[in-house]
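Each remark here refers to the structure printed beneath this line.
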Amino acid sequence: FAKELTVTVWAGGTGPNDVYRLDAIEIAAEQLQREAAIKGEELKIKVEKKAYSGWEDFKQAMTLAAEAKTAPNIVVTGHEDIGPWAQSGLVVPIEDYVDLDSWPLNNIYENLMDIASFSGTVYGIPQDAESRPMFFWKPHMKAIGYNDADLDALPQKVQDGSYTMKNLLEDAKKMQDKGLVQPGYGFYPRYTNGPDFWQFYTSFGGTMEQDGKLVFDKAAMQRAYQFFADAVKDGVTKKNHIGMPADQWWKEVASGKAGIWHGGTWHYARYVNQEGLKDFFGNVIFTLIPAGEGGKANTLTHPLVYLLTSGHDKDDTEIAAQLIKIASEPRINVLHAVKSAHLGISKSETEIELYSSDRWTREATERLLPYANAMPNNADFGTYWNIMWKGLEASWTGAKSVDAAVNDVEGELKGTLGDKIIIR
Amino acid sequence: MRILLDNFSKSFGATKVIENMNLEVAHGEMLALLGPSGCGKSTTLFAICGIHRPTGGRILFGDRDVTDLPSQVRNVGVVFQSYALYPHMTVAENIGFPLKVKAIPSADIRKEVDRIAALVQIGNLMGRRPSELSGGQQQRVALARALIRKPDVLLLDEPLANLDAKLRLEMRSEIRRIQRETGITAILVTHDQVEAMSMCDRIAIMKEGEIIQIATPAEMYNDPRTAFVAGFLGNPPITFLHGVAAKGVFSIPGSEIKVPLPACVDASDGAKLTLGVRPEHYNPTGDVPVTGVVNFAETQGRENLYDVRIAGGPLLRSIQPVRHDIKIGDEVTWAIDSRNVFIFDENGRRL
Amino acid sequence: MRILLDNFSKSFGATKVIENMNLEVAHGEMLALLGPSGCGKSTTLFAICGIHRPTGGRILFGDRDVTDLPSQVRNVGVVFQSYALYPHMTVAENIGFPLKVKAIPSADIRKEVDRIAALVQIGNLMGRRPSELSGGQQQRVALARALIRKPDVLLLDEPLANLDAKLRLEMRSEIRRIQRETGITAILVTHDQVEAMSMCDRIAIMKEGEIIQIATPAEMYNDPRTAFVAGFLGNPPITFLHGVAAKGVFSIPGSEIKVPLPACVDASDGAKLTLGVRPEHYNPTGDVPVTGVVNFAETQGRENLYDVRIAGGPLLRSIQPVRHDIKIGDEVTWAIDSRNVFIFDENGRRL
Amino acid sequence: MRSSRTLGLIMIAPAAIMIVLFFLMPVVLTAVFSFTNMTTATGISGGAYQIAPNSLIALKDEMPEVVQQLTEPRYAIDEEGIKGVEGLALEPGIARELREKHLGEVFSSRREAERMIKDLTDRPSTRDVKQISEQFNRSVANLRFSSKEDLFASLDKFGFKMTPEEKEGLASATYTGWSWTTENFSRIASSPDMAQILFNTLLYVALVLVLFNTCYAMLLAIWTHYMPNVQATIFRSVWLLPRITPVVIYVLMWKWLAWDTGFISTFMGKFGYAPKNYLLDNAYNAWLFVVLINGFIGASMGMLVFSSALKAIPKSQFFASEVDGASRWQQIRYIILPQMRWPILFVTCYQTLSLLASFNEILLSTRGGPGKATEVWSLAAYHTALNNYAGNLEYGLGAAMALVLVIIGIILSLAYLRVFNYATLVARPLIED
Amino acid sequence: MAEKSQPSANYRTWPVILALAIVSLPLVLMYAYLFIDTVTDKQPAALMPDTLTLRHWTFLWQTPPGRPNIWLVTLNTLIFTASTTAVVLLVSSMAGYVLSRLNVPARGFFLAGVMVLHAFPSVTLIIAIFIVLQMVGLYNSLIGVILVKAAIDLPLGIWLMKGFYDSVPWEIEMAGVVDGASRFRVWRSLVLPQVRPAIMALALFSFLSSWGEFILPQVLAPGGQVQVLSVYLSGLIADDNNFDFGTFKAVGVFYVIPVLLLYGFFHKYLMNIYGGGSKG
């Protein structure tokens, strides 16, 4: 018995800090070959890796390749893709190939496993976890009157709902008025489309899905849009913020040019490694996304998942599944978690010293993960998302009034999704 | 190889260019096709060489019907009006091309090209491109290319139109010599009557797709069948006087000109006639004196040309050896040579 | 308006085309510029009308130095060799263009255009585009356009090269008449000596950027200064015999030809000479009989042309009224008219 | 039949094949797609029938029990299943133990059934566990059937009593593939965004075409025409640079010029202006740059065509007009421009169509932003069908949008063919062989 | 085409040169800095560079992790471009000839069709093109992209070639036929050499357009093995983790140099783009 095969792995949104997404599969292949050798089988696995730095191109390539039956064996993508891809049969359930009761899969956080499922079937294995905090530049906060104790208490205040979005805008304005930051730099949000913006919808009381059906909460969305429109109106956020060059954004938030911003747990790695913010904890404080009117503090986790694609030989897919399983072992997964400042996927992982000795991963896990939401795995969520973003962009840039934007979104949702979405 | 056009017709779409033309060119003969622009000369040649299909009738080479054969197999040499040399090939390649497409070994081609190039005296130009040749040299390359495949039929479409006087004269004799030596049947299309007359055995004069007259050059000049032919041949051109017949005499009302009609001409009194007088037949030595005023004079080197306006308006042209005694405005009395005038009826038919 | 070229030179980059040319054309005169292709005729015209700047010397119109004035203000009418009609304009617009750019009211333009068009007899074509005209008509449009601005100077660059014999004759007299009537100073460039001789007051013959001789047409024909001039004028061309002088007699070694040299010719014994004999001076009526074999004969309508190869190789050409008694291969004894031969020295200078 | 005809057919065949493959078939397919609701979730190649809880939500009210049964996994250890296990040629002990200890047990999820199997004495491998559990599956939950017939057959096999109508209802509810619809067009017709995008497209095409592709290109051609050779070559080359530079770099250079950290910002910074993203500062700026970026490329094509057409005007006409007294402006007005009719028409036609279909430069520079200010039709089609952040590729809608462009293009080019006086373009062959 | 127009010396040219120089300034600036920035470092808010460096060029000898080797990509690009050009030349020079000269059925229809084809925004038909490619098994292969790119360039190519063939004198072909050559032979040995300028112009056009092509390879051949420079560069730019304008520009310069060289050698042919044109 001898088998030789090439396993292809593609990952979206993957930069130099995230190489272990792909490398983990390579490590797993090494391990699996050894296991096979012991069983007296000759197994040779070649792993071909491809990292896409962005998402659009990755999803385009993956979708078309899968349609052409030339998809990679394994893809690493956002969990929200499970819905549509499962429905169109581009991916196959991983539960058909692995024993979910065995270690390490049985050690993965239950809610993460849920996020990797669609319609009751487990399609993928979580590759990482993260969450998306609000960041505050400590020196500026101090300059507008917070003392150290206040700052230490801030995460709790946010969690309690006593520090809200409204306070946030006020603080941003104060920083600007005091000349600590330039106009438009008080609140410095993400500069492109991203899952982050659903957090604001949630903050203002929105719900994304209920009983398997998408939900559009008009009032909550209106408030969320209004928040950004107000930020622009107050001058604490730039009207033309969306689409700015990435490098500039990173440089600015890591150097105190911006007062308050939101990002992801993995930003830590870039701030510290590439952008040279050596004393992170001395300069930055992070919290949940504060509550807005009608909602509560929250954060969003957007785990990436390993998925198996269809169109391959069953045996090959099984080996690919094995590789995913091995790659999910805490010792291997922790490499990614710590290097890229993501969060672990299993309880045991937090006990590995590499992880537990890292202040960032530890604090972030404690402070954020319990309150993390996720986007629903729903085949139509992408449509909803695109429409929601379009409305946000329009009201942000002033192309439409907030009310008009919300109404247009409602109209388009009705037109596109019909009764697949509950509008209220 | 005899060429026979048998009831040949050609139209382009709705435009009828040639209708039921019959023409026979004898083996080894050189025929000139002469006629005004647009009369269908080139069309006839194109049909003979197979580029155009006749819309009616047959074309025979010898006894073989070639009407439906493609050009490639007709073995015709053509010198196009514009030479149509291949600009990207050297002279040698141009000349050798008809042999090359027959897949003849290149050594043989080279020998044959050298032979034919010597014949047209361009042996020293073999490596040049057409653009590096003077007009006369290009002309000879085209000729060599037409001759190298030993064509049965040689078609020349206004081959000398672009040359200056001296070169033209040289080429004229060159072509005639080669055609004679090789015994090819040839058709020459031209709009220059001197060329036609000097080079060809016979001349065919065309008008609007019809052949008006076929004859030897001298016959054509001296015995034109219609006023059109008479007017077409001759340089300077013939002058026409319009008048009436009266008792065997041609006269122009309002002028004193009276030219006796030759006996052979049978014209009823009062019939409208046209008298054609060639410039060389109106001069001091003629027999019917006519007085007029010189209204134009021009030196042409060895000869002078005069336009004489006679009383009553008509104009006579005279060409004479150079003389210096006549100026514009002088009144002259020269005479028409009445034996050499042509008489045409109202419709231009010669009487 | 007198035209004066004073030490005029023109080079294109490194190519010297004209060097130190001096030329004066008198007011109201029509001068022909004649010369082989590439000798610099067009270049001279282009400098006169201001399209090219001279690289040296001056150009004067009357007494005004125009050397550095742009074309637009020189008031020159030019008929370009290629007509240079504006293809997108009608005949009327073409003719009216020089007035239009002067912002003359369009009613006036129309009147003037009609007048000049009638003059060149194209009044019925005013609405056509150049592409819908025959060559002769285009030619006349170009002429009308050159004339309409009442130019001081008229420059004609090979204006008749593309016309057929009949049209050519008509246009020749037309141009001359207009030039005479309006008293314009004109320069005619041509490669056709009949045209030059018949139209112009004087002829200038050029060779490689230099003027070789300026004279009236008759003078030029009868008294050429060099062999080049003699060879250039005359159709059919003059024939040259190469021989030596011996005791006042021209003889060709190896042949029996002996032509007495005119008294005025001073040639030492043994000097190499060239004898020029025009075809009309070798015929049955001359005084120095020469026997030879006819090796080429051609009918040109009213005249026949013969090439006679004389013993020892040289060739004499003869043109005579039509006769039917001579065939190729016949031996003939015709005579050279020794009073009308030209004698040239080794360098082609006339003696 | 005749030689040139056969030869013609052979010689045109490659072009014809490529055109059929890569133009005609795609157009036909696009037309077909535009009448479907195809998206990533439905797939392109056709769907399957999958009994998943999600897909049955809609049917819940109609036939509650059936849905209940259908979506409830049922793993029953029965004789039939054990026979199946015996047929798998595994350790014989497995089937024996199953029969002895577990016959008659029913599990409500696969995972539970598999846990039981894993506890057998002859512990099977994961792979075998999966095989064994399959033998006992007595429900259709979460199964995928490639055809309706398969679906119905399984329903029958598992003993579901359903009327044909119910079956059909079930089939259409569980179908995962695309279906026919005209909704794409009504969406295009009714969406205010689409109207905006259409307006953007027209504005974009008109601005670039008029300002650069024709007017400025003509200006360039004429200017360089009147220059000495060396200078003319230099300027022509400079203006050709945008075209010969690969678009990715070309746009990168504009970004370098216009970004916050770019040249303009730095330069203006010297005069005390705060750096900003000039490219995306506001819609007007974005438009300015989009027009400039495309215009600078577009100008070169016009320049080439006009310059070579200008070169083809015989020199003598310039001479003649100068002699006739025309000033330079009069020369341009009366001699050059009237004779440029055909080139201008050609460039206009060719470039309108090119511009309608082009979006590379916009995609790489503004991505249609800020907001959707510079989104043009073809870019929107691309975003819709192929390239968006959420990965939700709406092939059907995208195809409908592409089809709209195709139709506009066809109408325009037919109009242009009329203007070109099409008949004069196909001359009869002069060799009649 | 005896004389081609060339302005006479009758007008002053410097005002025009000055005006054009001013308008051209942004372009000159952009390209100048494109080169300067690749070999220098400068302070963030400075216009003038202060140090020379080669560090932006390290991509030539160091393959960054997760990216294909630049030389491999360059080779791919070369193959892609050269093949596309070859296909375009071959196919459109044949089809153009047929449309201009040969007597085939539905010739006019085909010609009109080609014009209309240009109206098809092929990039937006890309999904369908993808299906077709998948059907013929050429998805994610260089050959597939080559064929599609060539097909897209065909309408222009055919029109251009047709225009040029139209201007070849019929006499040359007639002479060839009379000399006994077949029509194919006539095309190959007599007509093709006459349209060499057109072929050069088309080749250059096609080469330039393929060299810069971005969307097609990006969508139709996303695999790492067939990546081309445009995709490589845009991937580099999109990667916000390694943002370095200097390196982008260096890759850009590396990318643009071949076309500049090519242009330098052949630019005079581009001026022939309107050789025969569609009509006077």
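A few comments on the model shown:
Lettered A, B, C, D and E in written order, each chain numbered from 1.
Just so we're on the same page, contacts are C-beta pairs under 8 Å (C-beta built on N, C-alpha and C of every residue); 3 or more make two chains touch, one makes a residue touch a chain.
The shown structure was predicted, so the numbers you read here are calculated from the model rather than taken from an experiment.
Common neighbours of chain A and chain D under the contact rule above are E.
Among the chains, the centre nearest to the mean of all shown protein C-alpha atoms is found for E.
Of the two chain pairs shown, D-E and B-E, the one joined by more C-beta contacts is D-E. Centre-to-centre spacing of chain B and chain D amounts to 68 Å, using the average Cα coordinate of each chain.
Each chain gets a centre from the mean of its Cα atoms; for chain B and chain E, those two points are 54 Å apart. Between chain C and chain E the centroid-to-centroid distance comes to 53 Å (mean Cα coordinates, whole Å).
Distance between chain C and chain D, defined via averaged C-alpha coordinates, is recorded as 72 Å. Annotation for chain D: residues touching 2 or more other chains are 3, 44, 261, 314, 316-317, 319, 322, 386, 430-433. Counting only residues that touch two or more partner chains, chain C has 50-51, 70-72, 82, 87. Each of residues 2-3, 8, 10, 174, 177, 182, 219, 280 in chain E touches at least two other chains.
Against chain C, the residues of chain B that register as touching in their complex are 37, 164-166, 169, 172-173, 191-194, 197-199, 217-218, 221, 233-237, 278, 280, 296, 298-302, 305, 307, 321-322, 324. Contacts from chain E toward chain A in the complex involve residues 65-66, 130, 134, 139-140, 218-219, 222, 224, 235, 238-243.
The touching residues of chain D, counted against chain E in their complex, run 2-5, 7-9, 11-12, 14-16, 18-19, 21-23, 25-30, 33, 44, 220, 223-228, 231, 233, 235-250, 252-254, 256-257, 261, 263, 266-267, 269-270, 275, 296, 304-319, 322, 328, 342-343, 346, 350, 353-354, 356-360, 363-364, 378, 381-382, 385-386, 395, 398-399, 401-402, 405-406, 408-410, 412-414, 416-417, 420-427, 429-433.
Interface residues of chain E, counted against chain D in their complex, comprise 1-8, 10-11, 13, 16-17, 19-20, 24, 26-31, 33-34, 37, 44-47, 90-92, 94-95, 97-99, 101-105, 107-108, 110-129, 131-132, 136, 147-148, 150-152, 154, 156, 158, 166, 170, 173-174, 177, 182-184, 187, 208, 211-212, 214-215, 219, 229-230, 233-234, 237, 245, 248-249, 252, 255-256, 259-260, 263, 267, 270-275, 277-280. Chain D makes touch with chain C in their complex at residues 314, 316-317, 319-327, 330, 334-335, 338-339, 341.
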